[in-house]
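Dropping the structures in below, format is structure tokens.
Same chain, two partners: chain A is paired with chain B first, then with chain C.
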Partner chain A sequence: MDLCFRSLKAQTWGINKPSSQRSSSTHIRLFYRYRDLAPQLVPLDYTNHPDVKLPYELIGSMPELKDNPFRQRIAEVFSEDGEGNMTLDNFLDMFSVLSEMAPRDLKAYYAFKIYDFNNDDFICKSDLEKTLNKLTRNELTEDEVKMVCEKVIDEADLDNDGRLSLEDFQHMINRAPDFLSTFHIRI
Partner chain B sequence: PHPSHFSPGDEDFQENHERQKHKGKRRNGERPKNKRENQRRQRSSKSVQGIREESQSTTERRERRRRRRGKEGEDEEEVNNDGEVRPELLSPEELEKLKEAVDEKKKLIQSLRGKPWPMKQKLVSLRESQLFVEKYEGALGKGKGRKLYAYKVMMTKKWKKFQRDFENFKTACIPWEMKIKEIESHFGSSVASYFIFLRWMYGINMILFGLTFGLVMVPEALMGRPYGSIPRKTVPRAEEAGAMDFAVLWDFGGYAQYSVLFYGYYNNQRAIGWFKFRMPLSYFLVGVGTVAYSYMVVIRTMARNANESGVGDDNSFNFSWKMFTSWDYLIGNPETADNKFASITTSFKEAILEEQESRKDDNIHLTRFLRVLANFLVLCCLAGSGYLIYFVVRRSQKFALDGLENHTWWERNEVNMVMSLLGMFCPMLFDVISALENYHPRVALQWQLGRIFALFLGNLYTFIIALMDAINLKRKEEKVVKYNITMWEASLYNGTGPENSTGPPVTIHPADVPRGPCWETMVGQEFVRLIISDTMTTYITLLIGDFLRAVLVRFLNHCWCWDLEAGFPSYSEFDVSGNVLGLIFNQGMIWMGAFYAPCLPALNLLRLHVSMYLQCWAVMCCNVPQERVFKASGSNNFYMAMLLVILFLSTLPAIYTIVTIPPSFDCGPFSGKNRMFDVIQETLESDFPAWFSKVFSYASNPGLVLPFILLMVLAIYYLQSTSKSYREANVELKNKLQMVTQRLDNFVLLTSYGSDFILNA
Partner chain C sequence: MTIEQQRQGLAFSGSGHPTDQESLRFRRVSSRMSTQIYHEPNSSTSLAQEEEQSGSEPTLELRNTVFPMALKKAARQVQQMQVPAQFNGGSWKQKRIKFVRQFKSNVREFLYFFSLWGKTLQKIGGRNLVYASKQPQRLRPRWQTLLSLTGNFGGGVQSYFIFLRFLVILNFVSFLLIAGFVLIPSIVFRSVGIKPESSKADVSSECLKYDPNPQGLVVFYEFFLDLLSGTGFMEYSYLFYGYYNNSVIVTSLVGSHFSYNIPLAYLLTAVFYFAFCLICIIVRMGKAARVAVTTGGSDVRSYSMIVFTGWDYGCLGSKATKLKQRNIYYRLQVDLEEERLKKHAASLTLCNKVTLHSLRVLMFFVAVGLIVATFLAIARATTFSQENSHVPGILGLFYTYLPSIVITLGNFLVPLLCDQIALLEKYPPSATVVVALLRAVVLRLVSLGILLFTLWKQIMCHDSRDKCNLCHYNHEDYQCWETSVGQEMYKLTLFDLLVSIALLVLVEFPRRMVVDHWSCKLTQWVGRQEFVVPSNVLGLVYGQTVVWTGALFCPLLPLINTVKFVILFYCKKITLFYNCRPALRTFRSTSSAIFFLAVLLFGWILALVVMIYSVAVIHPSFACGPFRSFFRMWKIVPESFSTLPEGARDFLFFIGSQAFSIPLFAISCVFMCYFIALASIYGKSVAMLRAQLKLAGQDKQFLVKQIEKMKPLSPQHNEGEQD
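Now for the complex of A and B:
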């Protein structure tokens, strides 16, 4: 909610404060991070809600994201057009969900969307295979990949339809001890 | 005419209401509805601040219109042009519905953060709800006590804002946050967890320091008798010559020994200063209080960690968790990412192997034999190290009897050096031995931690036993000194005149009075020396083992036969478990020695402060990320549990000495008493009214205490059994849930024909 409020304020003030008065609160920092990606595209004054979208290549080259194998999926999930081109709102959204303060259910919801490569609201076997190959950089053999995906479906699929729905995923991820600490980006 | 139906919480509530109102009233042709619509649309597209300004201006406009209408003498309307509702004219049910609507909007605002909507949608709905709440909440308060209501609402808002600002301020105040973030992004969450643990320990030591410094050291320094006024506060004549030497001071002798840093300096005067500060009582209570505070903090942290991990015993989602939670999104460094990819791959391969492999029975006997052999070797190691320490302590006692000046530096500091070196080399030995055992790496790590724990514990207790021997020696010496003092005093009076009792009192300089060996100060000194040498060893190991090694590997690499970076020495990894154990044992020593050396918490605070900066620098400069990334989450409670055990074990010796050994007769705040805890009895008798001590004596009657203890044991048993039954109920409910889902699924499959009917739960 703080992020919400402050992004509003950021937009009204027009962010034309000189750099010496730059405060260290999160919203201003995030706006400046967004702007630093492409200073020529992003204006300082947001009062007129300019329709500015940064292309995926710029987002994917941020230091926080560039080593993440799922960066493309993350950008696609949070962007309006589904292609990875993000407005300031999408940008703020993304980092607020991935921050420490976001509630567990919200993170689980977005994690599900990230791992659902074909956007069909289910994590099916092919999604699992893609996830696994991204995680291991294609080091595992085909048999091993198949075995792991079968095991995952075995473990987590509660309604026995051969793929993971959002409820299956949430049920499984809510018990994971590491989920909150790994699904977290600090910026 | 009241509106017949409206849906509360609907933005159209306003519109419906208005439309009903204005049905039959057409003045001046077209009602400026379009303008109102535009206003509303404009409002919802501007910012909150803009809205607030706008609502102010609309209020003004409203006022003007009302006045104008009044002048024209029109009928009083319930609703003016802007659709404001006057609730004194609404019926009670509508008031209720309005209240409900406002509450609903408030709830929506609260829960907005958790909704998975895109930011724009959230902002729009936030503005709408806020507008609605602002408009009608104030209005609801009109009528009865509206001023009070509005005031209450304003105060709640201000309080919430203050709380939010305070939370932000608190978060900004957390020290070293950026440093830890940097380490986290390079090395992952396990290494960062060590630094977070270090920071937590720093917080605890800060409180302990506050207690000992503020309530023990400062009062004695400011209000007690100054240096040199009484024998216990003065350096003895014999030692005066070398009292200022650096070597003596480094060893905490000389002027350092006769200062507020150690137990022996404190006077046993019951009340000091102009407001009668009870020094001995304060000393005793601070000693007890530091332990009590530590227990409370550790147990509270354990409980919090246990709550957060929830029902964490599940192993049923092994592969799923590996797939969805193994990538650490905090990683922002290509080297770490490479290592993480490699470790994830290895972990998957391991899990696959475990899954596929059926237990091979061929070499089970060999494996068992090797494991027994490994444990035997480890036990030999532990026994050997224990004996070595005992031997060395005995030798140092002999050296002390001969006088320390005749021996080399090594011989003087033998005990501490040996303990530190053992702590450095034995874990490596255990690591090599564990290669025989062929355990799963996680199990092997737990064995390793357990063995290192046993090693440190064994060493510490051997040290304590040796210390007890030294104490007994000093007490025997004390008896001799007491006897000598009576002889010496007699000789003094004999010298002045034949009449012993009527001779003028002889003034002796405090430095010349023969002194008893103050065993408490000796104990305090031993602990301080141990901590200092441990610190030095750690820092030197760090500089040599990590920094020098990194420098050598980096600069000798291009003129060496084999690749130093990939092959033998290579860069060192940060040993999380070893460092955490070191920290825990260090804290144990502080708890043990703080009663006899009030300076220990201050020393530890300084040490932790320096450690934080030094280790942060060393990690970033000389270490590489680990190959096998250690999971941080599960071990948090493990480290807390070890800390609790150490806390318990370290307070045992201190309690034993306080309860059984009589204090020295001429040094410390309890001198002259039979036992140290007699100070409590004394306080009860002299400082509290008579009935209090009577009550206390009744309360400490065994007839009352035993039933109380029995009651507590029963309460613990009851709570234990209820928690067990809750856990079982939990498991049963889980099973039932699965069964019901299965049944439903089967039912659906039976009643459908076609495989395209998919159940969406």
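Now for the complex of A and C:
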């Protein structure tokens, strides 16, 4: 069955601690979810590290992600090629960061990358505008969008360069009491 | 050493040929990771030993890093290849730390498993409350169906149910306190057959008359009426003050001295009950305040909070997603509206400002007038009800419940009218919410105060002086006035519960059925019900204040209230899941916890005033109760004082004397100054650190600009650096 997968996982993720038994069952469950997306592409045997990438369309059709307006950005951030095509490692990475066990700093880092649409390591005004439009389904008017973007940069930008760096973002996230619970996908 | 190898790991197991940007990203990541790994061991005691001995520590840190999965695997392989350098008895310390951590997490999971209604609260809030490692997998199938049906209701509604759970536990523990010290001894002594002592002889026999049991034949439905109004067979029972004896038992059996002073126990239990409730409220307020302080107030950075943390990634289903998006849109609109109003208000001419302010003053007086009219109605209804309390039958029941009916009607109609008034006042939205809440709070709690004041007037006969000459209280109408007050509170509690259940059955379910199955313009406009958090919370606070006021006169009231709140929890849960749609306007949950507790504290103060007045000013009834032979209720304390042994008496006198209290006061002032100084220092250091962050950012910008300047000057030097 998936004995090969289990033994490989035992080598890499370490089964010394009792909690990892729980996490290994989670990993197996995630592997089956990954495989269910395209059974003909994903082999059961991972000992030879096959290079299998599932295209973004399959990932984006998962029920946990299909209604999320940020699903494309999530897939792009966690995929190796930056296009949304994910290997098993990327898939596991994604759901481990979005699980409840992941620490705050890790989540803040990936949230920053998700909201950074142009991948320049800063959240600038255009990134904010795109985020807002995704959040409100384009229902805000142009003026309102501009006003909200200005307000956000006013509030969060500490080094006054007109855009948010990772430190600004993390500093703001530390003040948010429910960030950990909203940045969380249950699978 | 480990960091170098991790950097090498970056080089050989990266994916193919990374682009310039990717390599830059990895470099930035690795530099950040190096600082992070340097910082984390610094926080613990001994760095390298701990990292190498406990195999879990570096793997835990590695799990927290932002390397992709392949890099983490490689790094872990490299770590496992390292042989631990030292292995001595220092591992006992790590084992102990690990054991303590594991134990704490196990205890937390265990307690969470037993927490009251934990799963229900999760379903309502849509989020895991405290500790969620085991729960999600078991809940998964039910969870998904529930979410697809309803969508989550958000933190505001969840905070209502958390508050309700807190009140249930508070009432239950208070009941245990009262049962242990007052109820069970009374039952024991009564069953043993100890008779109450008669009161002093120098009082006329008129005052000693008390016949609560109905005379002659009793109609069968009287049982039901008595159950609802606390009269008849219920009056002379453990439910009310009048049944308890003033027995002071002192037995000296062979080899043991047993004494139990029931009146003293009654009074001290009441005092400790109030103190216990105060401590619980203050502790909870402290926890909520700590959360509010660390998040720096909810209004300060509302826009960035909504944009970056407003989206719930766990939202499933297109309907729930659309609802969430509308919710975020609405919240942003509210904030933008406030901005627009501020700008508009700043741009008003003087004439407009004057008219606006005068309109606001006028509307304020209208609102005050409405509230005062309600108070007058309540006072009149109470007087009428007390005068006509002996009318038999259903009409009599209606008269006894008249004050409760008037209070409930007032609390329902007046906020509706105030909402209409608020439309004319044109305050900004946040101020409107606060003003409406303040008005509702004043209405609810002061109406209860008016009821009590009217009762007090009747008991102390302010209208007809001659009735009170004989017994210092109105013995003609109230042979046992404490029981009458207790009955009034009992009726209020019961009526509250009956109204909630009646509303659920007669209004909410039919409304939902009509809206669901009959689509016309009217039903679309009315729509399904929304769960309005503030008015529900004020209802809870009102109920709890009634219980606190009545606890001295009706010792079983906390138990009745526990049962009532449990029934209310399930009723509200049913109505939430079946009848309500998820609200578009969410109630902010972080500041609301403190607000609920502050209003509860206000109710507590009202109840305390009533208790102090009853204990210190009004003469207890001659005919019934544990204090029948005392001039005032608190007189029991000095009397039992005199029976204490000499050493204890001297110690207590010393505590009360100036020699002890003045140094105590001075020491507590010193402590208070210390805490104030500490708080101001923390505030200053937070401001300083924030300024430092700003400066660091500016330094970074300056350095980047310098690098940009130097780039064209020395291209070969820079190419060497980039490798």
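Everything below uses one rule, namely that the second predicted complex is superposed on the first by the 164 of 187 C-alpha atoms of A that agree within 3 Å, B and C clash if a C-alpha of one lies under 4 Å from a C-alpha of the other, contacts with A are read in each partner's own complex, and residues count from 1 in each chain.
One rule holds for everything that comes next: a residue touches a chain if its C-beta (ideal position, glycine included) is under 8 Å from a C-beta of that chain, and two chains touch if they have at least 3 such contacts.
Since we're looking at a predicted model, the values are computed, not measured.
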{"item": "Clash-or-fit label for the pair chain B, chain C on chain A", "value": "clash"}
{"item": "Chain B versus chain C as contact partner of A:I185, first or second or both or neither", "value": "both"}
{"item": "Touched partner set for A:L58, first chain B, second chain C, both or neither", "value": "neither"}
{"item": "Contacts of A:D67 with chain B and chain C, given as first, second, both or neither", "value": "both"}
{"item": "Chain B versus chain C as contact partner of A:L37, first or second or both or neither", "value": "neither"}
{"item": "Which of chain B and chain C A:L98 touches, first, second, both or neither", "value": "both"}
{"item": "First (chain B), second (chain C), both or neither touched by A:N119", "value": "second"}
{"item": "Chain C region in steric overlap with chain B, selected from 451-459, 541-549, 613-621 or 631-639", "value": "541-549"}
{"item": "Residues on chain A lying within both footprints (that of chain B and that of chain C)", "value": "12, 63-64, 67-70, 80, 89-90, 92-93, 98, 103, 105-106, 109-111, 115, 128, 131-132, 135-137, 139-140, 144, 147-148, 151-152, 155-156, 158-161, 165, 167, 169, 172-173, 175-179, 181-186"}
{"item": "Chain A - residues contacting chain C, complex", "value": "12-14, 16-17, 22, 63-64, 67-70, 80-81, 89-90, 92-93, 98, 100-101, 103, 105-106, 109-111, 115, 119, 121, 128, 131-132, 135-137, 139-140, 144, 147-148, 151-152, 155-156, 158-161, 165, 167-169, 171-173, 175-179, 181-186"}
{"item": "Residue numbers on chain B that touch chain A, as the complex places them", "value": "46-50, 109, 112-116, 118-120, 122-123, 126, 164, 168, 172, 181, 184-185, 189, 309-312, 314, 316-321, 323-334, 336-337, 341, 344-345, 348-349, 352, 355-356, 631-634, 738, 741-742, 745, 758-761"}
{"item": "Complex contacts: residues of chain C adjacent to chain A", "value": "15, 21, 25, 28, 36, 55-56, 59, 64-66, 68-70, 73, 76-77, 80, 127-128, 132-133, 136, 140, 143, 155, 291, 294-296, 300-301, 303-305, 307-318, 320-322, 325, 328-329, 332-333, 336, 339, 590, 690, 693-694, 696-698, 700-701"}
{"item": "Chain B contact footprint on chain A (complex, rising order)", "value": "1-2, 4-5, 7-9, 11-12, 24-25, 63-64, 66-70, 80, 89-90, 92-93, 96, 98, 102-103, 105-106, 109-111, 115, 128, 131-132, 135-137, 139-140, 144, 147-148, 151-152, 155-156, 158-161, 165, 167, 169, 172-173, 175-179, 181-186"}
